[in-house]
């Protein structure tokens, strides 16, 4: 009798819950649009390809067959395996997905994604695509070295792309395989450039950058993060040897509360330019800069959209471009096993177009430094000085 | 949180009890699948396709079965850790940290003694894992016995500490050999220390499923043996049900609390070792939260050895099945978390199940399920 | 029943007219058990009506139905002439029915005032605490129920707690007052006071239903008595025209055994000695203030006292479950002060705890598991660190047969047994290991005739075999009918020890209440009660304990 | 290095104390919710899930309506909604309350991530959503040290601090509070006096959901200004610990939250001072254990906590 009423009650609650969802569903597209409008606009100046990429970010898989896209090609399949960060990581998983969607639209590739929930799943997840006979399987994340090796040796006829890493055998020795393209990025270059820009800003006491102190926050002390930071520190010191640099890690790529508190802490200790390398956690870090009216520097993609007035620039790492180009190369049978370096040379690293707070002359100087890095005159360090 | 909140079934007529123990969870799963289907539907996808893919993806081939088991094993072992503490009236919410400790200790032993012969080394690693996990949990047990510090707090805090320690060991160097990219991972487990792979290659080439499966089955037997075949287990259960009566029966409650936690931690330590031995090295943040999912598994498994084993298989199947579901039906893997939650929810909501049983005219069953 | 009413022993004028309360054809089943089977109850205005019956006869169920705590499967209730539908306590209170429950329904950690006003608090959103205190004080003075409204309930003796319960229903202005076993926790003196209050209430226009099993009380206070047996009406009797024996027969349905067979005690060597023992209660207050006591082989020493005077602590100190703050405990001459509970068990101590639910049994455990509690790590049940289930089953089956535990299923969880059988499990287990000393606290609380008789016989038997028994009971009758020696405990002290032959109920009752021998100047009420008790004599004493319905 | 000197400098930093308050705020709200729920006898380990749901729907509605008030209300409402599910399970269905709580946590994590991906794909939640305002206190902001600590805190920080005395007053000074505590300690006694145990418990569970939801809104609309998967990352469990730590008392729970927030803040301030950052991050957890074992000790839950109530047993 009562349980009956309960049944009804539960049904009601469920209904309300779904009601909440669907009602918000109706509002969602507009929100998403407004969300994505910013980045696409900003990025379009940055680099033509990634503009389209972030534009693609607006449309979710279902809706991606918009006018500008070519006809889907069911015979060319690409699989993407994220690391445990997942697609919403605001970092390389996210960017790789953008590249994938772009390939889906512009190359007509048939794309599928598996979000890994456990590290021990990397092998089966890669295998799943290999078994489907995908033309290219993309492994995102530096912890997949051994997994890629395992699966790639097992399926020599399937092509693989490993982002931020290279195949490593059981002993941990790197082994280049003909069917694995190792996509490496010189994050230190991007880090160096934004660091240099930050240094000049402080040196010239531009706008809010008057404390001669800058800071950074990493997620975990892992290679892709530390390469950025190493470059950042070196660049800043190069621009202004007297500069003070505060740094820390949030020990998390998700916890925004910590990120923000570290940001506020760094600001309270004098920092006026904050550089984040911590995925979602880093958004909290940047938010601190927004709240306190100082400057922030984004990472990976152009994150100016987070707060146009605050984010003076971003350290770029065009995973999306790398992914797109690799897919394209595979399609045109130009797949290249072994190391594929993505650098300033091929426009895969660098800095996003600075916002209006950065004077033209500083932009010019940084651009010069970029040229020197391209020419090899400057070689940014890859490890943080102890 | 009083002991009364710890879910333990009171036994009834043996056969009826058994049937009820089988029927209720199955009904719960069915309900979960139905409601989960609604979610898929609401998100504009085809539930049938989703479940079909999940099923095939989980058990469709020797490879999938082997992978499902690999996903299940750490959950099962960690669930034994949660459950054993439950049996003593303790809510071990920090199995996560205990399994981190187990992983660290076993890896450390393996990598520092690379020249030992296989069998002794692997045994030593197992012992190290169990000791480390047990010690870590033991701290909580000891604090509970000595100062009454609530285990929910201590185990939770200790697990955060353990995780930070692992970050330090792997990121700041002490356990990370200099390697090409400075990736935060330990050196490789010496090959002779690896668990032998158990699927012959003519069934499945490069299978990864290894002897840790037998270790898990063994752990289940030990779990049941301690609880039901030894005075210690009797006393632990007695303390769990009614500490006052246990003390009246001459049982040293404080000591039993500590021992129960240590044993629980030992199971968790094993749970931490297994994934490392699957990947042949300890990676930074290697656990996706086995210790927390294990709470769900333990609860779904009703704190019985066999129940937990099956619940673990179910959750593992959902996890691995989600792979195919994402790859082939293009449905978000997050659905799995929702499904896992629903299964747990309906297992908890027994009254609902009993109501259904009553409608089905299975009054006796319904009462047994109470 | 005959309509013409004689002068009631309560000394009130007879009243006629329609019944004040009528319960018709009340039927209620719990699962397969028929707790009430077409029960009829008719109560007159301003009557003190007793409802008696054995444990499980359905008295409490009937009253819970009247109070809306239980919903009947069939039957109707007429109150003050009109049919009422009582869906819950809210309706009952609104209708003017109040109930003092057998187990006090008080929130221990709250004050008297808070407990009284709960649910009908003065004030708006904010609780008017001063107001509630004032109202409760006024109320307690008006009815002469002296209690400090600001005291925390768990600091009050049970007698006072009962006044709080009474205040609760008076506060709600109830006109029909139901008392479920109100005297179970009272001394004879406190009982008299309570009865005086009853008379006052009735004179003031209230009507009282008294649920009890003490025929002495029925004779002393009630005007009419409704007897229930196994969920059915057994009789409705005018108190003045019946006898305790007749009521007892109606209750039990057979001639009842009137006394425990008990020959001379063969008292032997000292087995248990307490020497200036002091101990604290759970709340850290001194509970035992220097107890000296000796129990010898073949002797039953009964500890008489109102519960809450240190009996629990005494038992636990002996059992080794509570540390002594001073003094010594000797088992067979050996000082066991520093021995654990387990060690004392090993040395031949057994303990039937006061509360079988929180101490004596692990309810979710199977019967057989409960039957080895305390011996679980000893052979034959455990060998080489392994439980030997065959041995455990064997012990279980033999004890189940020997003590006639029902259902005879070793695998049944203890929680599924009736109170009587649960207690049998405890007793069986404690006697099984052939103890030398037994502490039996409230061994028959909440048991029916059969179980009580059985357990008493067991105790006497073991005593004759030389067991030293320390019997703790808040029921005078049990003390008197079993003890060879009676020791009265009051506020943590043994105020007097006397051979039971030389002990009188009045004197013991007085000592229990803290009085000293000098001040034995019995009140009118006491005389009245004494008379009634004489009238009841033979039957009551045996019958009382035999059919007690206590907390369980 | 000179440890003492280091700590002196660190303790002299206003941000250490400001950070303490910032960290404590969401924990306090959730912990108070827990206190209310368990005082009525319903064990609630689902604050984590309730916060997460609150955080997500706050952003969703903020993005849709650009109205901060509506957004906050939505988060609170959704927190209450998911709490209602816990209520139905643990009050009517008499489900084990730990099971139901864990289920809610899992469900919230899955559901929010699921919807997050559904609505925002990978673009992230929009950046042009309104935020919960910080309050620049006119005079106080000027005061040197104090100003930097409390002069510019978020409105929710103040709400959470305000919520402590209110909750205390509610539980210990109002008629309803009396009934709540009675139901949590001795439901039958309350029932026999016509107090509806079910109504009271539903009310309290839902209240806990509302408070947790607000805590979630603080995370997404003030701290982060966006939503990301599992962004509570354990805050709800810390709140649970704080509630037990505080012995089921609003003030105690608040102090526990402050202690934890202090540990968090201290850990951050000790970064880059020579200790390994990874170990410094463990400060709050170690601090909690030490304080608990050293000074707090045994805590006793409300007598009827976690025990489903059955009418007419």
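Which chain is which? They are A, B, C and D, in the order written, and residues in each are numbered from 1.
The rule is short, and it goes like this: a contact is a pair of C-beta atoms (placed from the backbone, for glycine too) under 8 Å apart; a residue touches a chain by one contact, two chains touch by 3 or more.
Everything quoted here is computed from the prediction, not taken from an experiment.
A.B. asks: Common contacts of chain A and chain C?
C.D. replies: Expected: B, D.
A.B. asks: Which chain has its C-alpha centroid farthest away from the centroid of chain A?
C.D. replies: Chain centre farthest from chain A's centre: C.
A.B. asks: In terms of C-beta pairs in contact, which of A-B and B-D ranks higher?
C.D. replies: B-D is joined by more C-beta pairs in contact.
A.B. asks: Starting from the mean Cα coordinates of chain A and chain D, work out the distance between those two points in Å.
C.D. replies: Centres of chain A and chain D (C-alpha means) sit 32 Å apart.
A.B. asks: Rounded to the nearest whole Å, what is the centre-to-centre distance of chain B and chain D, using the mean of the C-alpha atoms as each centre?
C.D. replies: 28
A.B. asks: Between chain C and chain D, what distance separates the C-alpha centroids? Give it in angstrom.
C.D. replies: Centre separation, chain C to chain D: 46 Å.
A.B. asks: For chain D, which residues are shared contacts with two or more other chains?
C.D. replies: Answer for chain D, listing residues that touch two or more other chains: 92-93, 113, 117-118, 278, 281.
A.B. asks: Indicate the residues of chain C shared as contacts by at least two other chains.
C.D. replies: Nothing qualifies.
A.B. asks: Can you list the residues of chain B that touch 2 or more other chains?
C.D. replies: 164, 167, 171-172, 332, 336, 351-352
A.B. asks: Could you please write down every pair of chains that are in touch?
C.D. replies: All touching pairs, sorted by chain label, are A-B, A-D, B-C, B-D, C-D.
A.B. asks: If we count contacts the way the header does, which residues on chain B are in touch with chain D in the complex?
C.D. replies: 1-2, 4-7, 39, 43, 91, 93, 143, 146-150, 152-154, 156-158, 160-161, 164-165, 167-168, 171-172, 295-296, 299, 332, 334-342, 344-345, 347-352
A.B. asks: Would you tell me which residues of chain D are touching chain A in their complex?
C.D. replies: On the chain D side, the touching residues are 13-15, 18-19, 22-23, 26, 57, 60-61, 63-65, 78, 81-82, 84-85, 88, 92-93, 113, 115-128, 134, 148, 219, 223-226, 228-231, 233, 235, 264-265, 268-269, 271-272, 277-278, 281.
A.B. asks: Considering only the defined contacts, which chain D positions touch chain B in the complex?
C.D. replies: Where chain D meets chain B, its residues are 43, 45, 89, 92-100, 102-107, 109-111, 113-114, 117-118, 234, 237-238, 240-241, 244-245, 276, 278-279, 281-282, 285-286, 288-289, 292-294, 296-299, 301, 305-307.
A.B. asks: Would you pull the chain C residues touching chain B in the complex into a rising list?
C.D. replies: 319, 321, 340-343, 345, 351, 353, 358-366, 369, 373-374, 376-377, 381-382, 385-387, 411-413, 415-416
A.B. asks: Which of the residues in chain D end up touching chain C in this complex?
C.D. replies: Its residues touching chain C are 173-179, 181-182, 185-186, 188-196, 303, 311-312.
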